[in-house]
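Quick heads-up: structures coming right below.
Two complexes come next, and they have one chain in common, chain A, joined by chain B in the first and chain C in the second.
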Partner chain A sequence: MTWQRETFKKIKQVPREEHVFPGTSLCAGCGGLEALRLASKGLGDHVVYVNAAGCFTMLAAYPFTPFKGSWLYTTMGSAPAGAQGIRDALDVLIAKGRLPKEENLKIVVLGGDGSTYDMALSSTSGAIHRRLDFYYFCYDNEAYGNTGMQLSSATPYGARTATSPCSLQHQAGTLQEKKDIFEIWRAHKPPYIATVAPRYPLDLEEKFARASKFEGPKLFLALSACPTGWLYDPGETPEVAKLAVETGLWPLKEAINGEVTHTYIPKLKPVEDYLKLQGRFRHLFEPTLQKEVIAHIQDRVHRYWERVNQVERKG
Partner chain B sequence: MLAIRFHGRGGQGAKTASRIVGTAAFLEGFVAQDSPIYGAERRGAPVAAFTRIAREPIRERGIIAHPTVVVVADTSLISDPAARVLDGVDEKTVLFMNSSLSAEQLATQISLSGRVTALDLTEVALQRFGKRGAISALLGAVAGRLVGLRQESIHEAISRELADLGLAPSVIEQNQVAARHCYDAVPVVALETGSRRVPGSTRLRIPNYEPPSRGTARISAAANSLLRETGGWRTFRPVLVPDKCNGCWLCFVYCPDGVISMTKDDRPVIDYDHCKGCQICVQECPTRALVAEREKEGEAAWTAK
Partner chain C sequence: MDGEMMTGNLAAAWGARLADVDYVPAFPITPQTEIIEALAKWCENGQMAARVVTMDSEHSMMTAAGAAGATGARVFSATSSQGLLHAFELLYSVSGWRVPLVLVNVSRALAAPITLEPDHNDVLAARDSGFLQIHAETCQEVLDSILMAYRIAEDERVMLPVIVNLDGFYLSFTREPVSIPDAGQVREFLPPFRPAHLGFRASAPHALGTAVLGGSIYSYFRHQIHLASMNALEAHEEAALEFNRLFGRRYGVVEGYRLEDAEDVLVMTNAFASKGKAAVDAAREEGRRAGLLRLRMIRPWPADAIRRALVGRRAVAVLDQNLSPGQGGILFQEIGACLYHEPLRPRALCSFIGGLGGKNISEGEFRATFEQTAEAGIRGKGIGPVLLYTEAEHSEMTQLQVLAAGPRPNGS
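Showing the complex of A and B:
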């Protein structure tokens, strides 16, 4: 069964109204900001963003904010706890009649992959377990970007980072596999989780529209192509994001009450097409071609999609 | 002691340039120290880096308040108060500008007593590398020339520092050739280092403790980031060729900063006060109706807002 977009069919359905305004000091060509801007068109202005420290710290650098709504800044590990506090406060105020129901707000955690995959994992697990009604928006650029691209548990095998350089002992750069945070969330049985890529705006908007119908924890994992850390020209951000999806490395999918559906079936271009564009993988091609490393990445992609075919497309 | 301060935008290579000069000086037997300013690492945002060179051990630390040479990789930084390009610059300071304007034009425009020299490194990079990008080797070569380091040591330092960044040998060699060109081409201004006044020590003020309700920064405005103009980040601007536009909305959808809006008849309008010049719209436009034009320098660039 193929996934169908019900609401967003044409590009001109992307709302014109902006909710994240210009003037932030995020990098030119930031894939994370691109994803957040599109996401905010689905979320609107009645939102409290709870921002874990990370690149998005630069969204509201004192004394400026790009939002019409509210923004609360927390440490890397405690954004879901902050979200719980705001949710409780709103619930209490509404129950006591001190805040009209129409002024209720959506709570949206903004966390990078450093927070989402590493530091905030325990407070996130707690929040999902308590069925906290919130969105979790992770801008995943696969490393600690704000401090100069150090390895995180979202960094993929074979990427070079500041703390996993290509060396004689570790020629592949990063030796660990990217943590599967989607499955970790799914194991908690939240109502809605999805991966998105800003190069696929209709898929993204559709998923925000669908998620809005569910109460409880909702995860959005946004591929955030990063010119600064992945080392490519800022103008290529959409192209890099597109190839991440088309090579099968970044599957677009959702899980409603635990049931996974892939929302886009890529043609599985060779992974080299994606890797070659980025400086963080250049050591796999120069000065010597590291065939085994590339074959390992390719093999993992093939095995993933074989499993998807078996599970989702039987009969 | 020679003190060189580099100003650039994240991604231009100011930090690597400071390392190249430091390494080159070290190779010639000097004591050298180089460091970037610590801050969030960000493409396009103002960055600074410092190199000190001396025959004796260097006791001074931290930012360079009174530079012998200031190297400016992007002249639009001069009008950005946050970049503090002209801090501590006096009539003895040598200022190098990466600019298409001549030293005389620049000196009158900035109305400065410092001694100015200039070379269009962006143009050199465009011609030799075929695209814009980091000009660290070129900045390093120019700074090295101005403080009197040898060409061979710059050559070797570029090789070491760029190899550290994981660049391919062919790219490093291309950088070395372009750097050699800039080393020879930059108009040299003699340094005056004899009677530099010694800066006094700065007193640190310890902030008072305030409870979170008072001590936490609060912003009580809505969407006031519009007051911050990031248009100065651009080296290239996207320009619309109206005849070619088919009104497809892709530029509007993909712009990360939301600086493109669509008119009623589906034509993009670009907010140049905030466009950071990432070129995503230029790359994604299916009909090539958006083209990249290099930003022109002129008097308007110097007026701070």
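Showing the complex of A and C:
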């Protein structure tokens, strides 16, 4: 059973209007910003972005903001609670007739993986549990990026970070597997969850269009290919983002009321194609080739997609 | 006295109810929980038109409170002790957002060791956050202070959040007669919240809490908070006059007790000030010209009112129900600083630490405090910090230590 896009068939259908303007202090080639730019085309301007500490905090630096919508910086650990406060206040003010309905806003949390996977987990869990009507957009660059690439629980096995260096004792660099935040979210039973990647704009826009039909927590996990932290040339972001998907390392999927569908079935290029482009994995190739580490990563990918085939191809 | 018998916690809930708040993000913690339980019940049965939401932590609670206030809702919340500290990061955010919400803190001493009864290390830890602070002595004052707090907080010259503090157990669970103000008169005292500079809405997008690059921008905004906080002294005075006109109760930023001819003055805050007043009466009966100054507003620091009350005295004793390890009493330092330049400053300033973790302060301890303060005044040299602790308490503690150590090997 293959997934069909209903709204976005051609790239021309993606609105040309921009909602996130250029000129911010984010790094050149930021894959997360590209994903946000695409996401904002689905979200529009009647939005308040509720930000958690991370790279995107530098988007709105006084006296500038790249958004036509509103912005509230909260903390690293509680942006979803900020979303709760705004949503509740708008509801109450509209119900009491103090704010016209036309003034209503969509609430969008913007958090990096450090916030999303680690510090804000309690706050996020609470918001989903309370069925808060909001979007959560996580730009996942797989490390604490704004502080210079330290290990987060989104860092994949085999990546080198500033706090999980490659050493004689730990030749792989990071030894832990990436935390499966998608499944943690899914266990909370929100109506809509999706992963997206900036190199797949139609897939991304389609998912925002689908999500808009649901009231409640709507969660987007965006691959944020990161030239500064992953150590590749900023111009290669589209290629890196593409290979993350084509190697099967970053599955594009959604879960509607808990039911998972993979929205793109990659041909599973060898993971080396993706790994060797990035400085954070260079220690796997030189000075000596770490075959076992690469084989482990490849094996995880194969096992993942075998299971996808078993579960989803049955129907 | 007229009024209904109610606990300090219920009086706090009545304050929020009469203030007609829109939103109450909540999280339970002893000894505050009764407040949010009362509000949840009233909202459920329609006696209040607010939304109560139980959050996942005080950190989330304070974030939701600030964000809702920034959206234009009148917000109330309550916490205590560990909860206040868990929310601590947000205190600075909410004041920086210039959100005029009211937070009740029911004081409880901080872990470790973990305990339930009050002292003021929790609330005084927040003294630099930008929140205003009003500390209440009685259940009536809790209710009245919450109404005054909203009026001061929402004043255009101020636009800052307020903590109203009451002592856990001694006030939170103590029933006193409380006169409940008429709701119509409260509306006259506290007009509806219609902030000119807050609110997220589609037609007027704006960014709040943005990053700043460089200390000059940062300094400007934090100093604005300081200036706004200082404006609260005037706003408080105006609110107090109007409150007195409507309800017949007059509150100052400080309260003097038998100060007129007092030689020596004891400075206290919160519910234990009632014990202090009784001790003043006892000291007077013994022939001492003693008085008490209760600090009600801690932030902004009412330096002028404190100076007026304390200049020309022989000796002043500050009884801190808190302890800054390695320093001493927190309020003692602030009292000392604001008297330094007074030519007629007291001859001696004494620092006493008492009531930590809700420890009782006995008549004997008060008597010793007055004796030692008088001697210091005669000597012209202050003492302290002195921990108030009785011999009986010390010997009981020693026995507990023996029990904690357990039986020794060889029975030695």
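Operating definition for what follows: the second predicted complex is superposed on the first by the 314 of 315 C-alpha atoms of A that agree within 3 Å, B and C clash if a C-alpha of one lies under 4 Å from a C-alpha of the other, contacts with A are read in each partner's own complex, and residues count from 1 in each chain.
Convention: a contact is a pair of C-beta atoms (placed from the backbone, for glycine too) under 8 Å apart; a residue touches a chain by one contact, two chains touch by 3 or more.
Here the structure is a predicted model, which is why all the values come from computation and not from measurement.
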First, second, both or neither for A:Thr161, with chain B first and chain C second: neither
First (chain B), second (chain C), both or neither touched by A:Pro227: first
Contacts of A:Thr237 with chain B and chain C, given as first, second, both or neither: first
Partner chain in contact with A:Thr247 - chain B first, chain C second, else both or neither: neither
First (chain B), second (chain C), both or neither touched by A:Thr195: neither
Which of chain B and chain C A:Tyr62 touches, first, second, both or neither: both
Touching partner for A:Val14 - first (chain B), second (chain C), both, neither: first
Intersection of the chain A residues that touch chain B with those that touch chain C: 57-58, 60, 62, 65, 67-69, 71
Interface residues, chain C side, partner chain A - complex: 22-23, 25, 49-51, 53, 55-57, 59-61, 63-73, 75, 89-90, 93, 97, 194, 199-203, 205-213, 217
Residue ranges of chain A touching chain C (in the complex, touch as defined): 45-46, 48, 50, 57-58, 60-62, 65, 67-75, 77-86, 88-93, 96, 98-99, 102-105, 122-123, 125-126, 129-130
Chain A contact footprint on chain B (complex, rising order): 10-11, 40-45, 131, 133, 166, 168-169, 217, 219, 221-230, 233, 248-250, 252-259, 261-262, 271, 274, 276-280, 282-284
Chain B-facing residues of chain A, complex: 11-12, 14, 16, 18, 20-31, 33-34, 37-38, 55, 57-58, 60, 62-69, 71, 145-149, 160, 165-166, 198-199, 201, 227-228, 233-239, 279, 282-283, 286-287
